[in-house]
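In the two assemblies presented below, chain A is common to both, partnered first by chain B and then by chain C.
Let's look at the complex of A and B:
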């Protein structure tokens, strides 16, 4: 008898979910409960497929590849943007937690878990998402790009445009026109590409009003990205490249440059001069009333005598030294990525791959929450 | 526990109340602070963006001076310092080639080399669990009489969790644990883990105020008497820019904002001269009156 003849039924589990149903035409919203038997290996997407097949055919969501590469199934679980095909359900079921599934944020909902990706694609298009080699004719020989050159953009090139970063972008919640983490990471993918010849044009365009200096550094994009793109770091690389190229007219760039000046001259941030150095003198004068109120509470320290760090000449000398070593611009950030990548490799065996899971226990003050049974979100 | 203390720019200048309350509190929490004198700004994410290689060296210099004190922990009292120093520290600790180059540069300008032997930890992490937490419970003998406190974490003490990693960035618990240990009641609201808008408050004020509105509005709706934050930049945004938020929304909030060290300080009975509430823009008086009632 061959082994193939033995058929083993996979172990199953009872999965419970709450799903926010939404009808854009009527504006009706409802949090509905679902229960379904699923194989123990099921991910969130498998469970949704089972619900649609066996319980409720009207449930709407997007999917395609089921293997974390097409970027279709971005949605929220307990308010957190995830790829449905990446989230294993077993630990959540074991914890007794009933997760709430909803559509991604910062994009209009079409139906249930399906969002209108139109605004997302418009922003991707706005960063000129194609290679501009600067010539029309194809060269006789292929151009070889070194591994070192590709390392500059290896993270940005991983983007699958699922929208999980955009979903949670805090700046975009406040300014819907912000280009946002996905589009700007795409922009860095071309600015950093050794074959592209339009880096200056690109940087000028990304420095416009709703560009890189809109980023509030909330780091939700890095936290949520299911592919390790780290869009915030990509935005910082664009800032570094802009300043390296002298594209520093934006108040955000002036603000950043003032920190460098402060570190070189007094060591500590020269806070009082930050407003005029960022916004210009005229703007600063318009803010006099506000500044005076802060002054009364000691929030605007007098610039004289300056608060100077001891041995500040060391930090000046360091600046001059590193400027000679040619790691300015994005390279200064890329050089640190090798060390940071090793943090993941050093994670203890059997760990779930970091924080962010929802199977957390109720909190006992003074004790770390165990990863056991959790409460409702 | 002996720790190297890096106060950062704000506690040295516009948020002196953070420095004075931290120093007054430290002995009661079993912390011996060795203050770093010859250090500079961490760059606050701005130097990381403008001159990233310089950012790495400035932070390496801070870490090197911390290591030279013989302490194995560098204690911060600011989210932004915490992220910037931890990020640089990981880059240096986990890449020997990079560390060798940076250390050689440090030595060339007269700074001790850095061997990677320091861990960067925020005050919050030192007292939210273990021995620090036990000391906190003893220190907070006066209590907070059930005052309703809204914890505001801010961003860079939670995210990216790969670099911070103390607690679940979506369901943090440390501030709540401390509020309750001090005899207060922790108020829950969704925006406690979101951005206060401070990094762009000068370059993009309108966008920043749109972000600032969420936590203040939600804390009010949840019935908070005051908010507490572990970050002086969040504090500046929540406290000093609250008047601009009131002007732009036409609403009155008057939400008192406490530094973490002040909240514990009140429960531990620190002096006015250490708490320095007069340095706040939004008066803390209503909170203090409730405690005295």
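Let's look at the complex of A and C:
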């Protein structure tokens, strides 16, 4: 093989970075500046490699596959979790921006960009993360399951356990015991699996305190997931499936149930009834003073007479459609809450496409990626 | 000694985890030890699928699978091992499905199978184009279910050999620092390949041949080390893998004239010829000026957006991210890149090496089922079937023997050796040596090999080794010191490069991945239908020997596709 075939000198660019260094042995923390020449095709991970080689061998970060599948190199760039191997640096360099690199959030820092993944894995283990077929005897061959049935969990099965969602989870920031987006997405991977026979047990366990209803729906996990798993959607599916199965003892479930009842009957949300229906009568009475204050400021309408929307039959028809299509459980959320607008009302049941045919990572079908010259070298 | 176990598995990819699960189910006290978390293992990057004659997409049987594998291996595979693999593969795949592997499905709900290179039937079971990912995760689920203890981020460095038995491993604890000794009645090596020997490789940074070198250093022979497979479709410049599944689904390979050039190299199988044949064809096109910036083109456009979304979603994501090309609209520029080591630690059908208590499975082992050229989809299958076999054999041995002893002198010697490296203050850091090794291996020991280039590469490796003896580690700390472990990895790679060159020079013929068109263009079954064996002698030099190939029912024939 000729040298030219394997080693074309690529065009280079000067990359500037700031990295939060952390020394666990001394407890010192410092934001340091770095400047290094890198090929134009370089990703953040390539730049860190160059810094470790040529500037400072003590810089610590994890890496392995460098192709977005092993999940090692989760870290933050400008305060947002990314996979270092996925972030092309050329557009950032061209913009003149100097990004700040730091360790992921919500996990203890070990050194520099390396976090302790122990708490992360403990939560994964807490959701009983293995298939429970409900019997011990061995089937003769494989179990027969349709592709449509498997499609239900195709996004959850893409998860690489990088921790980017956990890093950005707002609920976990206030409640470190919250199971969190990665573990709950793993839970949905089994609840949605037609071969698993413990969905009721699982749903009961995920409905406990620190479970699905503690999610604040900030959608940061969906936004930062580098693989398009959309963990918030998985949590929504678990919620919908719980209610479908009658597991609705949590206030979160009652809250959701009341939204549906209220919208179905009047086409509006009846706020005055929301608190007693969600928290119970006693709790509601305790909040009377607060409710009166809200009323005085025009924040809640009078409960009587009930205000019925003009086109209430539309919301009732929507309710019936969901029932009729069997989309009142997890199936109703398969396309993601973001994708609700795209539900085809004429589609026969379960007619969705195969793997990868729905929301894809953050690559929009048809949209051209940023072209780096080095990529063609 | 930190702890002792019946069975200690070093490496936690598909082979390691499958071995650990089997040993556990046999009743052994088993632990995993890996320098990266199990789900980070490079098995997870396998894309296209896993071969087993399930017969879900056509009439198929293990006999056909075995014949394709024997032929694909260019008759250097051991036919008893190949027969075992192909016979046991279907049940092993069913087992993975019963554990919950998310395979793609046929119309009638069975495991889907696609055509793959040099396979007579559509035999490659797959999960879209993330089959390895799906298998790594299902195996880790089973590891969690069994609560198998795992020494995560422990960098295995040395094997403990005492009383002519392997009795444990000495490892550097990355998170906390310090050398730790884990004793074990049996050790199973499963650390994968050594693609990092090359600048353009599909392999992860972790693929540095650790176990092959560790075994070599304690006197275990390595087999067929010259056999490094170049995958025909990798992205420039870094070598990221584009799955053979693309061609399995019908993609074309085009040269700069827009011709499907395989018409001239493999007129029957075309894009589904074996990998060695296609890589040579591509390199010839590129060398003769019909490439585009050192690449040929992989054209998926005629497959249509729907099929690409459904079955090649990961491929599209990779080529958009790393080559700025959307395969729905444009062909992907690809070139051959180092992919898989057919060679490795010489083992029998139960994974046993030449040392009692020491086993190996997966890419770091050489049973050998791949011979001179591996078929796509057979690597994942080998990890599962031979991982299971090694796990069972190791557990059976461990359960009938009692003692484990690690002489303190072995630990003390290791401590001293590491101290010398860490205390060195003046000298060169390892990265330039690593980069030069990877570049020169690509130039001098690549798709095509010449006598003078291999000889020159031998001299280069010797010089790099001299420099390596004086390297300096920048990081002197205990916590997550991968500056240290990366220096140790380079030592492993240098050992393996030397073995590959010695074996490559000795094999004066062209067979499978070892192509010498300029001096020995033909296969020479009379002299070379046998395995190369490389070992270290007393003075630390690599010596060469030969071992016969096991032939059962398939006599060598001319190999055309």
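In the analysis below, the second predicted complex is superposed on the first by the 316 of 377 C-alpha atoms of A that agree within 3 Å, B and C clash if a C-alpha of one lies under 4 Å from a C-alpha of the other, contacts with A are read in each partner's own complex, and residues count from 1 in each chain.
The definition used in the following text is that contacts are C-beta pairs under 8 Å (C-beta built on N, C-alpha and C of every residue); 3 or more make two chains touch, one makes a residue touch a chain.
Not measured: the values here are computed from a predicted model.
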Next item on the list: Go through the superposed model and pick first if A:138 touches only chain B, second if only chain C, both, or neither.
Entry: second
Next item on the list: Determine, under the contact definition given at the top, whether A:240 touches first (chain B), second (chain C), both, or neither.
Entry: first
Next item on the list: Using the superposition on chain A described above, determine whether A:78 touches chain B (first), chain C (second), both, or neither.
Entry: first
Check: Regarding the shared-chain residue A:252, is it in contact with chain B (first), chain C (second), both, or neither?
Finding: first
Notebook entry, point to check: When the two structures are overlaid on chain A, which partner does A:67 contact: first (chain B), second (chain C), both, or neither?
Noted result: second
Check: Just chain B (first), just chain C (second), both, or neither: which does A:88 touch?
Finding: second
Checklist line | Touched partner set for A:54, first chain B, second chain C, both or neither | finding: second
Note to self: Contacts for A:288 in the overlay, against chain B (first) and chain C (second): which applies, first, second, both or neither?
What the structure shows: neither
Next item on the list: Touching chain B in one complex and chain C in the other: list those residues of chain A.
Entry: 354-357, 360, 363, 365-366, 368-369
Item checked: chain C partner contacts - residues on chain A that touch it in the complex -> 1-8, 10, 23-25, 39, 41, 52-54, 56-58, 60, 62-72, 86, 88, 110-112, 114, 116-117, 124-125, 129-131, 133, 138-139, 141-147, 150, 153-154, 157-161, 190, 193, 195-196, 353-357, 360-361, 363, 365-366, 368-372, 374-377
Next item on the list: Give every residue of chain B touching chain A within the complex, in rising order.
Entry: 9-10, 12-14, 16, 37-41, 43-58, 61, 83, 87-88, 90-95, 98, 105-106, 108-111, 128-130, 133-134, 137, 155-156, 159-163, 165, 167-171, 173, 176-178, 180-181, 190, 194-195, 197, 199-200, 202-204, 206-211, 236, 240, 243-244, 278-281
Check: For chain A, which residues are in contact with chain B within the complex?
Finding: 78-80, 170-171, 173-175, 178, 213-220, 222-223, 230, 232, 236, 239-240, 243, 250-260, 262-263, 267-269, 271, 274-275, 278-279, 290, 293-294, 297-301, 307, 309-312, 314-315, 317-319, 321-323, 325, 327-333, 335-336, 338-340, 342-344, 346, 354-358, 360, 363, 365-369
Next item on the list: Within their complex, state which residues of chain C touch chain A.
Entry: 36-37, 39-42, 44-45, 54, 93-94, 97-100, 102-105, 108-112, 127-128, 130, 132-134, 137, 141-142, 144-145, 175, 199-200, 204-206, 236-238, 240-241, 283, 286-287, 293-294, 305-306, 309-311, 313-314, 316-318, 320-326, 328, 333, 335, 429, 431, 439, 442-443, 446-448, 473-475, 477-483
